[in-house]
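Structures follow.
Shared between the two complexes below is chain A, which has chain B as its partner in the first and chain C in the second.
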Partner chain A sequence: MNNNKFDALKTSDSDDSDNENKDMKEEREPVTPGPGEHALQFAYTFWFTPRFPGRQASSLNFEQNIKYVGTVASVEQFWAYYSHMGRPGDLTGHSDLHLFKDGVKPMWEDPANKEGGKWIVRLRKGLASRAWENLILAMLGEQFMVGEEICGAVVSVRFQEDIISVWNKTASDQATTSRIRDTLKRVLNLPPNTIMEYKMHLDSLKDNSSFRNTDVFVR
Partner chain B sequence: MSGKTKVRDIPSRRVLLTDPSQLPIDYSSTPGGTLFSTTPGGTRIIYERHELLQLRNSPLTRTPPKNLPKIAGVTSPSTTKGSPQPDSVNGQATIPEEKKCDEDPQFEMDI
Partner chain C sequence: PPPSPGLPKFKLAQYRYGREEMLALFNPPAQPPDDLLPVTSLVSEKSLHPLAFSPLSEDEQRSALQSVNSTAVLRVMGRGG
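Showing the complex of A and B:
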């Protein structure tokens, strides 16, 4: 498997600021598929961010809060983690569950993300667990067919809604973003009039908000 | 548009082989042409949803991963004593925020 690009990103991360928490900084052994296991095209890492309502939002807090869960390189390893983790529908309070390519941090500032953006789908309560599973299975199975453009996926559990996002590397690449949108609609089985929103990470950095001031698409 | 539609065969080409030596050396290519046995630009490991689901109950997935960290709310119950709980840490701040949400469904996220 060709993960060299991501290894390269890892090295360039090491000169980041000292503000990162242990989880973000820690050097980890590369994860490989076990004997007889079904290899994935890319290794992926689960991250979890519990949120504390009322606390000041900042990139620093985000880095301090984020928790490393584990990295998977095979289908079997994925299920071993997934089966022993809470489903988005069971998570309490405000929290984010991330599944990102190994070597890409789930942050706007990561070198793999800084030119990128994300598709956002807002779901009413009760739908997130199934939607999240369908989304990450499609991502792990390389169903998006956009080369190396996918960076990761996030499910954000909020008070009144749950939000699912897919991050890609190049926000300006329209062929890629529309293919991701169409695949997302297909795998989540979204009704035709579903509102989908896209937001560039550059804009998120400017307004320090993940889900406000998005570009809205209805089809 | 009117007029009869003329039946036309799908264009194809037959290559007659009279001797095994005419078979291509590379059996993954087709006589008289090449078929891609891989995706142009490289191979990818692709799984359909049902293929992944079939592997869900493999014995390897039954036991928790060795290094699975205990994280309240996601890998262990959020009621674990001593663990920070998103709801209880700042319980008082939760109420005004909920009110705010009623007014504005697109409430601010704090990434």
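Showing the complex of A and C:
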């Protein structure tokens, strides 16, 4: 455990030293399913944020720190990325792995997100890897059944806990947010007493915090 | 829980895959995709199987029966930890 900080520093440095990382503004070629592949309803993009320990995460340096990882448009392309990524539970230090619909930045300020919010489940260490896999399989497979409301998913690795979030477009649409909560409970096999929180991105922008001052739900 | 009531009709997605269908299509390349390679702290040279193919660990089994939440959130909610 004591090595965490140093590992995080080291990995951040190595990620930062490469100069070919595509930043958020760069135009990319659209990704399409290959021949014979199984198309996803939407193309999705993986992003990775290796945070620098001890530095305040303002939205400015958030945008500088975030790394484009890759875009997938078919089930086969998804597995090609996912199978060659470290599991969230094995990541060191303080980092976030995002999977968002292509064209939606994993930021509160994005037009697709600004009226939205997210469901949050704060997990004990040791549970995030499987929860993340279950969540993204359901999201890519269109199992949430809320039309086009889903924006993306995030797993946030922290020192004492790991946090799973699902972002949706319209925070005020209670029927949709309830369905997302109930589906999340099923696909993650959450026990009945699990604490789930919802936070509107507008509130996150106000208090500049992702996981504080949430609305709490226990079922 | 039962399906949430009160949701207006929505269009069914054209491309839908249940969990087993997603897993049945698992057949990854031996090498990581090119775009992934520069993200050195994330890439795994070796191809990893989905966790769905591995049984739950003892800790995961215990959590499923008790609580999955972190001590931090339990403390905030006044449920100790």
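We take it that the second predicted complex is superposed on the first by the 197 of 219 C-alpha atoms of A that agree within 3 Å, B and C clash if a C-alpha of one lies under 4 Å from a C-alpha of the other, contacts with A are read in each partner's own complex, and residues count from 1 in each chain.
In the analysis below, a residue touches a chain if its C-beta (ideal position, glycine included) is under 8 Å from a C-beta of that chain, and two chains touch if they have at least 3 such contacts.
Bear in mind the structure is a predicted one, so any value in this text is a computation, not a measurement.
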item	value
Chain A as common anchor, with chain B and chain C clashing or fitting	clash
Touched partner set for A:L123, first chain B, second chain C, both or neither	second
Partner chain(s) touched by A:G34 [first = chain B, second = chain C, both, neither]	first
Touching partner for A:S209 - first (chain B), second (chain C), both, neither	first
Partner with the higher number of touched chain A residues, chain C or chain B	C
Which superposed partner A:Q143 touches (first chain B, second chain C, both, neither)	both
Which of chain B and chain C A:S156 touches, first, second, both or neither	first
Intersection of the chain A residues that touch chain B with those that touch chain C	38-41, 48, 50, 67-70, 75-77, 79-81, 83-86, 91-92, 95, 97, 134, 137-138, 140-143, 160-161, 187
Touch list for chain A against partner chain B, complex	1, 34, 37-41, 48, 50-57, 61-62, 67-70, 75-81, 83-86, 91-97, 108, 134, 137-138, 140-143, 156, 158-161, 187, 204, 209-212
Sites on chain B touched by chain A in the complex	44-49, 51-53, 55-56, 58, 60-65, 67-69, 71-75, 78, 84-87, 89-90, 93-94, 97-98, 101, 105-111
Contact footprint of chain A on chain C as seen in their complex	1, 3-4, 6-8, 10-19, 21-23, 25-29, 31-33, 35-36, 38-52, 56-57, 59-60, 63-74, 77
In the complex with chain C, residue positions of chain A that touch it	11-12, 14-15, 18, 20-21, 38-41, 48, 50, 67-71, 75-77, 79-87, 91-92, 95, 97, 121-127, 129-131, 133-134, 137-138, 140-143, 145-147, 160-162, 174-176, 178-179, 181-182, 185-187, 189-191, 193-195, 197, 216, 218-219
